[in-house]
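Right, one structure below, let's go through it.
Residue numbering begins at 1 within each chain, and the chains themselves are lettered A, B, C, D, E and F in the order written.
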Amino acid sequence: MAMVDVSDKAEIFREATATGTIKLKPNTVNLIKTGKIAKGDPLYTAKIAGVLAAKNTCSLVPLCHPLPLTNVKVEAKITDKNTVEVSATVKAKAQTGVEMEALTAVSVGLLTVWDMVKQYEKDADGQYPTTAIENIHVTRKLKQV
Amino acid sequence: MAMVDVSDKAEIFREATATGTIKLKPNTVNLIKTGKIAKGDPLYTAKIAGVLAAKNTCSLVPLCHPLPLTNVKVEAKITDKNTVEVSATVKAKAQTGVEMEALTAVSVGLLTVWDMVKQYEKDADGQYPTTAIENIHVTRKLKQV
Amino acid sequence: MAMVDVSDKAEIFREATATGTIKLKPNTVNLIKTGKIAKGDPLYTAKIAGVLAAKNTCSLVPLCHPLPLTNVKVEAKITDKNTVEVSATVKAKAQTGVEMEALTAVSVGLLTVWDMVKQYEKDADGQYPTTAIENIHVTRKLKQV
Amino acid sequence: MAMVDVSDKAEIFREATATGTIKLKPNTVNLIKTGKIAKGDPLYTAKIAGVLAAKNTCSLVPLCHPLPLTNVKVEAKITDKNTVEVSATVKAKAQTGVEMEALTAVSVGLLTVWDMVKQYEKDADGQYPTTAIENIHVTRKLKQV
Amino acid sequence: MAMVDVSDKAEIFREATATGTIKLKPNTVNLIKTGKIAKGDPLYTAKIAGVLAAKNTCSLVPLCHPLPLTNVKVEAKITDKNTVEVSATVKAKAQTGVEMEALTAVSVGLLTVWDMVKQYEKDADGQYPTTAIENIHVTRKLKQV
Amino acid sequence: MAMVDVSDKAEIFREATATGTIKLKPNTVNLIKTGKIAKGDPLYTAKIAGVLAAKNTCSLVPLCHPLPLTNVKVEAKITDKNTVEVSATVKAKAQTGVEMEALTAVSVGLLTVWDMVKQYEKDADGQYPTTAIENIHVTRKLKQV
């Protein structure tokens, strides 16, 4: 069991962007849009949680390397009447890629949106019949010698 | 900005189950099935990472309460030729629900699968044209007075 | 060397409120007020960082007990032309008080404000001639049998 | 929402020193001086907590970069009959400054002093009428090309 | 993969004591005894690191439960001319035992002693021919209905 | 109190290997060998916990530097009828050695084995008469200019 040995790889510029969505009720999306979520602003909170999570990746994902991230940017926005999208771009000069960091930022950002709007998504039985996190993927990876 | 005040709520038994999937190439799924992933066993590693993540939820998701979890169970399995599913059940005697803990375990478990199989999923340009985390949702919540 | 032994103390309702300020340039405070800080909203970010820090207190302050916080509320506001105030209220049903959690939330909230406005506070030599965190104190402690 | 992008900045030697104080009762300061604080040595404990906190800065302050610190030095001393001072110097070869790390070390060091002497500072009602953390500031920043 | 399900177990008083030793050169032990270790006091530092580690156990050992520790006491002392002993007692009212917390406190305490005296233990080739952590075990477990 | 100042040291290739053992009942070792431990696979779990712990070293051991580890490899195996051995190799291009990281990986790996087999090691009184972690030491350090 080992983290991949990157000791002999050159440190080069790395960048990765990931994105994902959470499907919410139209009413919940409307409350976000109009700033009426009781717990605060889900989009802003998701962005902060995402940035923090990116820096925490190697403690969460067992075989990820600790990397000196030089930039983490997380965006969160409403993309249609029942969808919020979170995306993240991470950069580092490193011996291995930063896609896991971008994916982790997106995942934790989306979990944070869920947590902020829980009360509007639950049905009378306390279940979540429609809420779902969807399509977390890497939109672009880049390395630059 | 506040965690919801649950001071006056009774501590009752709480349980939540969440699940989600990661779409992989059939070849990757085959390598998992035959124990040939170079970095180790993605399913077992995902389960451990998921259990650890559940306990870490309130440090990742800003407004989650710290909860005395009495059980965290994470499963990971191949469900069809291009899919791995991770699910998690979390229990606690607590003043608020444990669905965020179950969702966090699933999310980090799926990220861990991705990380373990990265090398088989990337195309010649280092991109991930097909890999995606899908349909993370809560399958069941329970509270028991 | 020991955390105080609270094994025989009763679990009772505990609450503590702490507050503190950061002295900034009037120009910086103005930029906060008008939403023009390049890095984002210092007040909102401070509140989230403060809530997270409260939950992290026993990992930061060596002899603090891990406590099942039932509420953490952090506020941040401009109180005069060169001051931002952060305050925090923490509640728990616990065997020991929660003032360290409130103080930690305030401290990290104020550090976060500083970090968000660094570029406006530095002089031509990169020094901070006027920025200072002031008067972090406990305004109220409560226990309720 | 983004950590400032420092990808194109050169890695140069950085150093920052911060300091702050905690105002205590003269009796408490005397107990510290004579080694009679029941919970242990507040000064030594503060120094260790400060060093650990400096390394933890980017997990506490959302937009701080993870930095490869090459030195963290924390001092704690009695400066007059009712004051303890904590100061910290942090060094790194990095693309951004280390003042937030020094400020975080000082803040957590001062919180630790508070925690170690709580029992001597509380009045009969369990309040802290005089205890306060004061004047946390950066005394010197340095960058060296 | 699951933490043992303790949902139906009663919360009872739990206590565990663990101990272990580190074998050092007599010269190193002498330097500790006379307060001449350049990096600080290994015994005091080990005690603090041990207390912090006990609280961190469930993040380090995958299947440990998060437990509301009511007491952590760590001792470190010279026991003969080439030995330092670290022991830890942990208490909680919990549904499962606290021996892993005590063992973790001892282990991290001993690692901390090692780190504090590294420079005196290395030989001319930078190797540690004699340094070793020995006999970490549980001396007593207790549960009290 | 300071981490050693390594600011002026060159970044060179560092490697360290550490090892240690846990003494278990022959019956427990047999259950491990035959895959019958109820909580899962102690060897695999120990390896993952060890890798994660190596990356966490500077948060556990107060005066350790944060280091950009390029490789962490942890092995766990049965070495005789009552012994499991955990060893770890850590590499980095750094200004200081990585033996504390290797030792921490081994220590947490061994604690994890203990936790996974607790139920088979306890006697009728809930005590551990024979279980012990033994001989954690550095087998090899290397630096390469």
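One rule holds in what follows: a contact is a pair of C-beta atoms (placed from the backbone, for glycine too) under 8 Å apart; a residue touches a chain by one contact, two chains touch by 3 or more.
This one's a predicted model, so the numbers in the text were calculated from it and none came from an experiment.
Here the chain-to-chain distance from chain A to chain E, counted in touching steps, is 2.
Interface of chain A with chain D: the two copies contact each other largely through different residue positions, with under half of all numbers used appearing on both sides.
Comparing the CA-atom centres of all chains against that of chain E, the greatest distance is found for A.
Ranking every chain by how far its Cα centroid lies from the centroid of chain D, the top place goes to B.
Here the spacing of chain C and chain D, counted between their Cα centres, is 14 Å. Averaged C-alpha coordinates give centres for chain C and chain F that are 37 Å from one another.
Taking each chain's centre as the average of its CA atoms, chain B and chain F sit 26 Å apart. Multi-chain contact residues of chain A (touching two or more other chains) are listed as 1-2, 4, 40, 44-45, 47-49, 52, 56, 62-63, 66-68. Taken together, the touching pairs give a contact graph of some other shape, not a line, ring, star or complete one. Per the contact rule defined earlier, chains pair up in contact as A-B, A-C, A-D, A-F, B-C, B-E, B-F, C-D, C-E, D-E, D-F, E-F.
Those residues of chain B whose C-beta lies close enough to touch chain E in the complex are 13, 44, 47-48, 50-52, 55-56, 66-75, 91-93.
Listed in rising order, the residues of chain A touching chain C in the complex are 40-41, 44-45, 47-49, 52. Against chain A, in their complex, chain B makes its touches with residues 1-2, 4, 20, 39-40, 45, 48-49, 52-53, 56, 60-64, 97, 99-100, 103-104, 107-108, 110-112, 114-116, 118, 122, 126-128, 131-138, 140-141, 143. Per the touch definition, chain A reaches chain F in the complex via residues 1-7, 58-59, 62-63, 65-68, 95.
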